[in-house]
Amino acid sequence: MLSTAKREEMLRMMIKLRAFEEKLEELYQKRAMYGSTHSYRGQEAVAVGVCSALEPRDLVASYHRGTGHLIAKGADLYRLMCECMGRLEGYSKGRGGKMHMGDMSFGFLGNTGTVGATVPIATGAALAAQLRGSKEVVVSFLGDGAMNQGVVHEAMNFAGIWKLPVIYVCENNLYAMTVSVEKSIAIKHVAERAKGYGFEGKVIDGNDVELVYAETLEAAEKGRAGGGATFLECLTYRWDGHFGGDPGTGYRRKEEIEEWKRRCPIKRLKEKLIAEKNLGAGEFDMMSAAVYSELDEVTKRALASPMPAREFDLDSIYARSEVGHG
Amino acid sequence: MLSTAKREEMLRMMIKLRAFEEKLEELYQKRAMYGSTHSYRGQEAVAVGVCSALEPRDLVASYHRGTGHLIAKGADLYRLMCECMGRLEGYSKGRGGKMHMGDMSFGFLGNTGTVGATVPIATGAALAAQLRGSKEVVVSFLGDGAMNQGVVHEAMNFAGIWKLPVIYVCENNLYAMTVSVEKSIAIKHVAERAKGYGFEGKVIDGNDVELVYAETLEAAEKGRAGGGATFLECLTYRWDGHFGGDPGTGYRRKEEIEEWKRRCPIKRLKEKLIAEKNLGAGEFDMMSAAVYSELDEVTKRALASPMPAREFDLDSIYARSEVGHG
Amino acid sequence: MAKAEKLQVQGEMKEMRLQEALREALRYEMARDKRVFVFGEDVALFGGAYGVTRGLLQEFGDSRVRDTPISEAGMVGLAVGAAINGMRPVVEIQFCDLLPLCMDQLVTHAARYHYMTGGRISVPIVIRNKFGTRPGGGPSHSSCNHGAFVHFPGLKIIIPTTPADGKGLLLSAIRDPNPVLCFESHHLYGVKGPVPEGDYTVPIGVAAVRREGKDLTIVTCGGMILKADEAAVELKSKGIDVEIVDLRSLAPLDKETILKSVAKTKRAMVVDEGPMVGGVTSEIAAVIQENLFSDLKGPVVRVGAQHIPPPHSPPLVEAMIPDVDRIVRAALRLVEGKKPS
Amino acid sequence: MAKAEKLQVQGEMKEMRLQEALREALRYEMARDKRVFVFGEDVALFGGAYGVTRGLLQEFGDSRVRDTPISEAGMVGLAVGAAINGMRPVVEIQFCDLLPLCMDQLVTHAARYHYMTGGRISVPIVIRNKFGTRPGGGPSHSSCNHGAFVHFPGLKIIIPTTPADGKGLLLSAIRDPNPVLCFESHHLYGVKGPVPEGDYTVPIGVAAVRREGKDLTIVTCGGMILKADEAAVELKSKGIDVEIVDLRSLAPLDKETILKSVAKTKRAMVVDEGPMVGGVTSEIAAVIQENLFSDLKGPVVRVGAQHIPPPHSPPLVEAMIPDVDRIVRAALRLVEGKKPS
């Protein structure tokens, strides 16, 4: 079983993810961030369970609902917040916004607003690891909606034939924007498709952070040992609308939302730790308060930070070449 | 069981397919046709078994190795031959060549040189049938290589969720150009993938024309009755190289080729009919001779037919609009 | 707009937004022609990411108004097949940044089918999508790639600006026997204008002169019409009389209207929200100088987006896409006869 | 070529075809840099559809030389990921008609990664492909779509013509920290020329003056260099002295060399095998007239492919793509100062 310390760390991380979304929503309402939010509330156990099981050298690729993966993998909250606000000190200098970031210093291969597009990229990063014989594994986060993108299919086939060290973590939150998974996939569990690529697909409770952790660890060990890819379908739910401004109720029943809120991954771990007497209710509140105040602090700094200049830089599209010509 | 007449018709059709490829190869050597050949020799039972089971209103979509599907679905040999030779009286007026044709008058949705690209097109034609409530079914021929194209995955998912009357006939001839199916797919049978889209996938002997016929008939009836899509993986083999000029031996063992030639679909049906005393050896030879001489005839006419003029016609890119503006 | 094009209709008019006018076209044609159906991500239950298809599900049912999985290439491919088999599909692609996903089906298949089958088959599909660069959109959600499609023979391309054109062009597009790409500007969805009721079409391939003037022609399309118009007002106050040509269609391109205007004003500027390099501004500049070289009093000036991906942060977006000031300054330089610096 | 560019090297030279020169670059760099690897359909066992990768499997083994399934988008996506994680992938796409299949990965991801991550990540990949229109190729196998990619910021685009450039540009491309699209002409694969041995690079973004002349500049790229050169010889006999600029790179575009040449000759023609509309010829015409308007003695003339898909039948192909005669006639019209009809 996982140590109490590790589990507390995961609990704290889940709170951080949630607090970040709440802060972002607040800023969105105040028009202090640009673009849309894509709240990760409700799905925290996936990002945190997965990333807690990874080593620092391991890599992740993410998607539009990427704030959770970023933070869980180790993104700096200030830089992340700056990016959401289009500030110069953001990860992408304000160019990308929260859907377009990448930083290998903490193993973040990138995210993008094009559903499914990072799945082959994650797979290619795993190919690099295999070619080099370095032992990192790569996690490719994707939504249920991404399962019907062609390039995702192509990428998973590559992972199968070349036995690449990649873990596809499909966060099945039952909807792609407003379209339910039943409307867009004719089988009960998309994990079934992994078989067609020659690797294992598992369906797990994505709100159980300890389970997600354990499954990721196993898949990562398998990948590192040359056993190839794994597909984990994590059943979960987003509490909020698809994007800021969407109440999320036009296409989902209230009862369904309430039901899933009862399965809150944070509450679940918290109650378990309390029941085990490994955590006091007061301790939880303190932990939570600390996270929220850290975020207030970060937000304040980000709000005071500079915007980029109103100028374009043609050179910014190319990395500088170091090739000399003799 | 199928009537003798029907089986003789299928036999004659298989001979026709083969004779066409042989004639084309001859013309290719003489540089009287343009572009490459993609010989269908060895796979005749698939096109013929499938198309014999279809009704005239049913549709098929094809791919680069499309001559067999065209003829089996009812293409006029002269127009087809003209097109291969880039003649004005070809199906596409010499614009398309043998990989780019389409004619709804005999239910041919089209083929293309882009592997996999007609699979969604076939699927969309099935959607039209469903929307209209007309009862045609659509066959989408594809190679094993096409199974790893993204858009094929997307199309099959559509067929699954919308229960479209389409039959995917995958001609698994073990190679995509020079790459063997084992190198590009990590499972034994691609038919397995159909499950992931919510419909049935079967693996059948693609050199048994009667079996192909029977399976197609069943799948077509299911489709017509609203039962949705079927995937048929037909195991077969191309005798020749991938294209004209490729001996086909650089990446395939001689023994493998010989082994498959022994499983010749034409020989198989011929010998069966003879063993049943439903066909005399002399009759077969006559049948064959008639087909070959028809082809000689057609070729002669095509060779004497006009080339298109050396001019371009800008209007040719658009169908004429009948919209009036009030 | 300072001087709206006079609508060539007698019937009733209704004031509405572009978004609603597009919906009107869909409703009108779906009621009239059973072959027309609509599909795309979130178009049914949700009514489309920008509300254009709102209410269609209720009115026409879930067979003709379908939500789809996230499969852009598949969607376009299915549309091609359905069209070949007799239907008139209208597909919504949520934003133009997703068009590269269905590029093969668009440019090699939908666009070439008619030609490559010797005219035996045609592909009457409409692919609607939103375009436009704005703060917060960022590199995968706010491109303007309409210019790229001009290079591929066989597509028709429309870009409505006024609500009336929205209805009239979209109606023409659905009835057209060819594949039509409809670019709908983020900046114009909410702009209101009078729209004729009933059967109202605007021909594809015909530009509109939105403002008449004698000193300089500004050729533009989409959301930039707003900036061009503002610039024209400002230039007027400086004594420069601008004529504005709204392309409305990029393919076929209405060279006649463009050349007629420039032959009169003898000075031309092309303003576009997409990247200048290899885009609409280059094509039109090339055509104008090729045809009117000796009439021109100065080079055809291009004012387009800088050659960077669409950024997220407001000041970066502002620096990237043309604004009134850039247009005005370029016009002044041109009219004063100086070479643009 | 009438007057081959002088190679700026001291070392040994070897006569070889473009095809072999490209292979030389791959071999050289694979031997030097363990990060370089090659994959694509039929590149390993078969040695590539055009033989460019022949022998690499035997020399470097099946880990670094990989046959792939038919998954163009996936291939480019994997290359992007492998590059981000430290490798230097070289991908072969069998022909440029397949580039639309990987368009999203190319133009939205590979091309924008560097910009959109604030420069934190770069994507050193090379995507090689064949292009060229010829009889028998037909609408899905013989396009020239190089012009379309110019519109998308973040890509580099090279088009080698001589074998020496084939080696030198491809070597530069592999070493470049950015995504590079390498268009290899069907018409030039078999053409021989001297190629420097050893570490020989040609900078990306620098055009070459292939022939000097004073009356007219022809700007061109790829296979059309052969036609332009023939035309120049014919024009010479008619007393017209042509300068030929071989672009070599489309992005970045070497405006300096182009403008310098046209500033001298005062007449410009752009010849391209791709469709004129919205393509290379338009971009370069726009740039030239914008910068040299008052120096020009006539319009910048475009000679490109007609706006149809590449056809199958020989006479149709001949009518579609530029030939020596079309170039010569356009040149005569231009020099005689008449407006092109």
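As written, the chain order gives the labels A, B, C and D, with residue 1 at the start of each chain.
Assume a contact is a pair of C-beta atoms (placed from the backbone, for glycine too) under 8 Å apart; a residue touches a chain by one contact, two chains touch by 3 or more.
None of these values were measured; they are calculated from a predicted model.
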- Task: Pick out whichever of the two, A-C or A-D, is joined by more C-beta pairs in contact.
- Result: A-D
- Taking each chain's centre as the mean of its C-alpha atoms, give the chain farthest from chain B. A
- When the centre of a chain is set as the mean of its C-alpha atoms, what distance in Å lies between chain A and chain B? 45
- Item | chain A and chain D: spacing of chain centres that average the CA atoms, whole Å | 40
- Rounded to the nearest Å, the gap separating the Cα centres of chain C and chain D is 31
- Counting in whole Å, what is the centre-to-centre distance of chain A and chain C, each centre being its mean C-alpha position? 36
- Item | Multi-chain contact sites of chain C, meaning residues that touch two or more partners | 68-69, 71, 73-74, 97-98, 101, 104, 108, 111-112, 115-116, 138-140, 153-154, 307-309, 311
- Note on the structure: Residue ranges of chain B touching at least 2 other chains are 92, 94-96, 100, 112, 114, 117, 148-151, 154, 157, 161, 183-185, 316-317
- In the complex, chain D residues that touch chain A: 9, 37, 63-64, 66, 68-69, 71, 73-87, 89, 104-105, 108-109, 111-122, 124, 153-154, 156, 172, 175-178, 199-204
- Interface with chain B, chain D side, in the complex: residues 41-42, 45-46, 49, 67-71, 73-74, 97-98, 101, 135-141, 306-309, 311-316, 318-320
- In the complex, go through chain A and note every residue touching chain D. 59, 61, 90-96, 100-104, 109-110, 112, 114, 117, 119-129, 131-132, 136, 138, 150-151, 154-155, 157-158, 161-162, 316-326
- Item | Touching residues (chain side chain D, partner chain C) in the complex | 97-98, 100-101, 103-104, 106-108, 111-112, 115-116, 138-140, 143, 145, 147-148, 150-154, 251, 253, 274-275, 277-283, 285-287, 289-291, 293-294, 296, 298-302, 307-309, 311, 339-340
- Contacts from chain A onto chain C in the complex sit at residues 33-36, 83, 86-87, 92, 94-97, 99-100, 112-117, 145-146, 148-150, 176-179, 183-185, 250-251, 307-314, 316-317
